[in-house]
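Quick one: the structure is below, questions incoming.
Chain naming follows the written order as A, B, C and D, and within any one chain the residues start at number 1.
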Amino acid sequence: MNRFVQAAIGLVVAMAPLMSSPARAEGEEVAIPAITAMSGSTAVLGQDAQKGIEIAVEHINADGGINGRPLKIQVYDTQGEPGVVRQVMERLTRMERAPIILGCEVSAGTSAAAQFAEQAGVPYLNSSAVSAELLERGYKWYFSDQITADSEAATVVDFVEHLMTQGEVVPALLYEDSPRGAGTIERVEALLKDRGIEIAASASYSRSDRNLLPPVKRVQTSGANVVIWAGYTEDVVAGLQAMQQLDFKPYIVGIGGGPGDVRIPQLVDKGFIEAVNLSTADYFNPDMERAQRFVKSYEERHGIVPSSYASMCYRGAYTLKAALEKTLEAGKELTPENLRGALIEVDIPGEQLISPFSRIKFDEHGRNIGAQNLIAQWKDGATKKVTVWPPEVAVEEPNPLN
Amino acid sequence: MSLELLLQAAVSGFLMGGIYALIALALALVFGVMGVLNFAHGDLLMIGMYGVVLVSAATGLSPFLAGIVMVPAMMAIGWVVFVLLIRPIVGSAPLVQAQLTIGLSFVIQSAALLWFGADLFNVPSELAASPIRLGAIVISLPLLIGFVVALVASGLLAWFLSATVWGYRVRATAEDPVMAQLCGVPVQRVQRWVFVCATGSLAIAAGCLMGFYHVTPVVGLQFSVLSLLIVVLGGLGDLRGAMVAALVLGVAEALTSAIFNSASAPAALYVLFGAALLLKPHGLLGRGAAV
Amino acid sequence: MKLSIEALVSGYGLVDVLHGVSIEMAEGEVVAVIGPNGAGKSTLLRTISGLVAARSGTVRYDGREIGGLAASEIPRLGLVHVPEARHVFGKLTVEQNLVVGASAAPAGSRKDALAEVYDLFPMLGQKARELAGGLSGGQQQMLAVGRALMARPGMIMLDEPSLGLAPLVVEQMYEALDGLRRSGLTILLVEQDVYMALDFASRAYVLENGRIALAGASAALRHDDHVRRSYLGI
Amino acid sequence: MKSTSEIAARPEHAPAGAIAAVLRSEGAVAALLVWVVVAIALTMLNGYWVSVAVMMLVWCYLCTAWNLIGGYVGQISFGHGAFFGVGAYCSAYLSTTYGASPWLGMILGMGLSAVLALAVGYIPFRRGLSHLVFALLTLALAYAALYGVSGVRALGGTNGMFMSLDETGLAALRFRDLWPYLIVMAAFNTVLLLVLQVLLNSRYGFIWRATRDNEAAAAASGINLFRSKQLAFAISAAATAVAGGFYAQFVGFIDPHSVLGVHVIIQILLFSVVGGTGTLLGPVVGTFVLFPLGEIMRVQLMSLEAGSHQLVYGVALVAVILLLPGGLIGVLRRAMGGRWFPAFSLAVPHGASAEPLPRRRAAEVEEGAPILIAEAVGRDFGGVVALRSVDLEVRRGEILGLIGPNGAGKTTFFNLLGGSFPPSRGRISLAGQRVDGLAPHECTQLGIARTFQITQTFASFTVAEAVFTAALPGRTFAEARSIAGRVLARVGLEARRDVACAELTLSEQRRLEIARALATGPSLLLLDEVMAGLTPTEVTGVIALVRSLRAEGITVVIIEHVMHAVMELCDRIVVLDAGAVIAQGLPHEVSRDPRVIEAYLGKRAQQFAAAATSGDADRHGGSPNDDV
């Protein structure tokens, strides 16, 4: 029995510091929480996101912080689980009394966080999920400075139409069936239909599939010569290998983190990457002029160029900074209500961003009307990923349809 | 959907099944000899896969050779796991065994996340680029090598168990450890070596897998579940049944994915598994000890 | 002394089953242990063979202390336990069972031992390649004894060799055991069938509630009032 | 069978006594613990910890629901994630698509989960397949549900579903504040715990535990294993769905992975096992300790490298399971010793009442007429013929001996009579009614009772409980109690009534086997080697017992190798060899039959047997009369 009493007391003592609401730090620091999946099956995203945030905070503080006050962004792990997200959101809003939350969550986590934020009346600034559906729900407290599946789809279809000017295009869709992949492909499909372009085949697979020969074969037998492909890194790697084995060399227009992963040349035969003209619709590419400061710092710290995941949360931190500054400059307290007001007024010109966006400006649904994609393509024996589309930001011409 | 597509799926699924067999046989053997159903099996395999990546990166060896290099290391890991965790739960309630090994899986997964991060690793190999073509059907070379290696390893295991004195002792221990002891069989040593060798064999399987697949900290679970399905479908303790079950599962997996082409496709695989188990509760070959 | 046990205490969990048992056996002697169920007869054999740890007391075999040795070590010294209910390895063939039985024997002796066992139990030779699980109860009992002999033992301990066997089979069984006895093998026998036990052994111990209640020559015990009343039902 | 369906409906005992029993029980204490947590959360903790408490109660509820099938019936289900998801999706779909109250969806989810459970359990439970087959089937269910839902557009596919935020209030199961969530979840826990406690105190408690402890013995006690397991699984599944419906409203968003993923069942197993399964308090305590601990670790170790908290958590978990194999509740139980909750009191009456033993449907045949007829009965296993063809009749009121060499098929024959498996050919009828192919509990309920060669006991039962449980099917508590008292007195186990079954000596275990068989109220009793391994004195006692049973009109068939007992006891003997009858007749006839001597008896035994039947007091002929 005694052992139990001791254990119980121990537990209570351990919990004590957590149970009491800490008084808000009165110091200079502006502390804002961010949530992301640092562990679990989507940890790769969260880990990059954290690196991006770290560098953003460093840069912001080096430039004078938030009106002279240092910014601090504490990252909370949600494991990407909606249940945990809710718990963490509860903690951040009720215990930490956070006036705003920066979200670097996967779709499912973002959905749960947005639902919670809406009820709790705290602005949630999404800088990673591309779900367009969330923006259509009429939320008052949800803001997304990230592109949406719609803008991705538009960029991809534009690019396909560009290829059509060079010869006959037979497009096929290949996608991983999570919301990330399926959601975007759905919109691409609708858009292609709208523009009267016929699809030769549509093949999906699960992220856990170990054998991608069947879906790839399905696409190949359809006679497609352009493949629009949404997926994560692991399945894109497996799929490229399958294509190589099947001797299938379409022109690949990728979407999302998988085809855009900077490590693809380390994982797949470089010659083959070049052979399929692997290109990706992305919201970041390290060769962009305006991203150089971020890219340099990131490379110094981590030894590789930053991924899109890392860039989006870097960008998110800057959007956050703008809102914070607007509030403080107006002489207002950092409250949820004031920050929401400030977010509505935020308008950052494209030149100040590391993303290919024309600006950051939210409409009444919290959508960033300036969000747009670029298309990057591996070139020179897959040694560099070059921005090739749209012409405004392109560094080089895209490879021709062969 | 074309016949060609189905054929391609069946062939690559079959080869994949061979590698599944190698993974599952180690689990079946451990279950047979010490009655412990190891839910961390896939995670031990994952350690092997990371090991293969490291060895390949350091030495430039092909993943298959790196797998062989990893065997002693995996055996050492098997030794430690056996002594610390498995031996204490031999003979415990199945629920306790399940939970403890699930706990171990937790630990391995988190440790992998700590050390390697969530990024995926693979071993790019020239082999993948030069497949064998039989008409329209493509046979991936790494997959084929993996299949052959798995077949040879399984054959060696079968020979060891059915034709050597130590094989008899292993089987005697599996059937009645107390009686085996009374016959002078050092049962604990047998159990330890079986676990050590089973874990070591995972290095070979890891080498085969890394010829065409990748590793992340979360791949363990899917291989654990897969091996469990195979062991049960084969009929518990029936090694030949497990072999057949692995091949069937590999083909079924590829075919369902080819036929259904939907996010629901894997569901069909599990429904098929359920149906097969209900029709053949004693294993596909009907010789296992399911009742 | 072939086997000498002194003040042996052992049991399971919190309960002691044997409360200080002492037994002495000379080389070549055949000794029976009889007693009611729950008296600790099987526990005695399990303690000697190392399956149950002794809590105090000593067990010496050939003058060597064997308490504390692993159960798989003891057969290597030549002391083999044939437990109750046979426990043949049903999924192994008869011959494979015998080979496993030779695990404790010195290397190289397996072939001779196999020949001897087939000589003693010709039935086992005929069924060498059949699965042991398919044998009848009596055949399994013979296999169990044969498997013990594969270790080239200096002494065997038999626990209820007649349990669950048809009378005819029991008879055949004891005929075979008789051959072993005559060959000079030291045998410790636990047997429920007291007539059978006293017929077969030259001496016997009566074990009651974990203690030796009585000991003596079989002939004397057969006429002992207590034995007659309690065990022979006379 | 009519009697089968009767089991369910009967009221057990006086309501007042039942209520008192529930209030003093483990379930009530567990429910109290839940409310203590609620009180602490609401008075002392801030919103965040209240939110943690809500999730903790969700897990507590899930573990408790799982424990019914996993802990009490001992069938490990990996499929509870599916039931959780079904509840969540039903409630989410109905409320978002049709604007229905989530409560409605919850009820639909309960129904759907129960149906799913019955479907998945049907074949493994009907055919008595191994626990592992059941476990893997449920795992397959979980995965099939996960992937299945992922492809359904109407359910949001992998995108998931959003709950409407418009309405609040109890009907919408959606609140502005946190505390109502906590209260609702605590109420769910309380209802579940109390319902389970009532069920455990009822006949089902005994039936489920008996099923878990020993299926063969439970079936021979007349328990319908299939119904027993299906019922528990369906209740457990339906209860689980409720938590799913609640979770959907509480979090406001669900997707396949979050409600159908494997992590759901892993958490349930984790909390239950660390707490201790098979007790109502275990899963509650396990959750209350582990869940906050996990949360603390996640928060405290957040600043370390990603994955650290899971590593620490995993190591702690492994350590707990290794060091405390009985779970936390095992430690508590040992610490409390005798002050642990007493098992639900049975109060089996003492005293050897003169009332006769119970009898089911006393077979309507005359004394001496055949009560059981087996015609050309045979059974194969795979390709092996265990029983070739047996023709045999048992006459009412006789003691029939069934002898023959090992492997002759005697026990196989008993297994066919007792319903352990159906014959491959031939027919068996009891008092004119076909009984071949019936399940064991059906045979038992028709009046065939059997003992097992290897005694089968219920590990968690006392002697009285075991006998009571065998008397229970088709009878009231009071009747069963009275029967158990009489049977215990009759077989001479009265003094050992409160001892755990596992602690009995061999001869007591044999008596318990007979007692269990008698408690079912047989008209035909099948005794399989009840004398093997007993001393002559003990054998004598059993002989006397069997005789007294016959005197009461119970027909007995006995398989035995103790020849003098067979010769002495039996009116008639049938000899089996190689799966067929080779001789039958009076004992002295059979013992002199050359075929029988050749195949079975051997010379020496034949002499003993002959001596015993002729009453010649040779040294082997110890007749019980001399003993008195």
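Simple rule for what comes next: contacts are C-beta pairs under 8 Å (C-beta built on N, C-alpha and C of every residue); 3 or more make two chains touch, one makes a residue touch a chain.
For clarity, every value in this text was computed on a predicted model and none was experimentally measured.
Annotation: A-D is the more contact-rich of the chain pairs B-C and A-D, by number of C-beta pairs in contact. We define each chain's centre as the mean of its Cα atoms; on that basis chain B and chain C are separated by 43 Å.
Chain A and chain C have Cα centroids separated by 74 Å. Put simply, the C-alpha centre of chain A and that of chain D have 53 angstrom between them. Chain centres here are Cα averages; for chain C and chain D they lie 37 Å apart. Shared interface positions of chain C, i.e. residues touching 2 or more other chains, are not present.
Residue numbers of chain B whose C-beta contacts span two or more other chains: 110, 113, 117-118, 217, 262-263, 265-266. Those residues of chain A in touch with two or more other chains are numbered 39, 43, 46-47, 177, 182, 206. Pairs of chains that satisfy the touch definition comprise A-B, A-D, B-C, B-D, C-D. Residues 165, 168-169, 171-172, 175-176, 178-188 of chain B are the ones touching chain C in the complex. Taken together, the chain D residues at the contact with chain B in this complex read 70, 76, 120, 123-124, 127-133, 136-137, 139-141, 143-148, 150-152, 157-158, 262, 266, 269-270, 273-274, 277, 305-311, 313-315, 317-318, 321-322, 325. Note for the complex: chain A touches chain B at residues 39-47, 177, 182, 202-206, 208-211, 213-215, 217-218, 221, 233-234, 237-238, 241, 244-247, 263, 266-269, 272. Remark: chain C residues 36-38, 134, 136-138, 160, 163-172, 192, 194-195, 229-234 touch chain D in the complex. Chain D meets chain A in the complex at residues 44-49, 51-52, 55, 147, 150-151, 157-160, 162-163, 165, 176, 178, 247, 250-255, 257-258, 263, 289, 292-293, 295-296, 298-300, 302, 306-307, 309-310, 331-332, 335-336.
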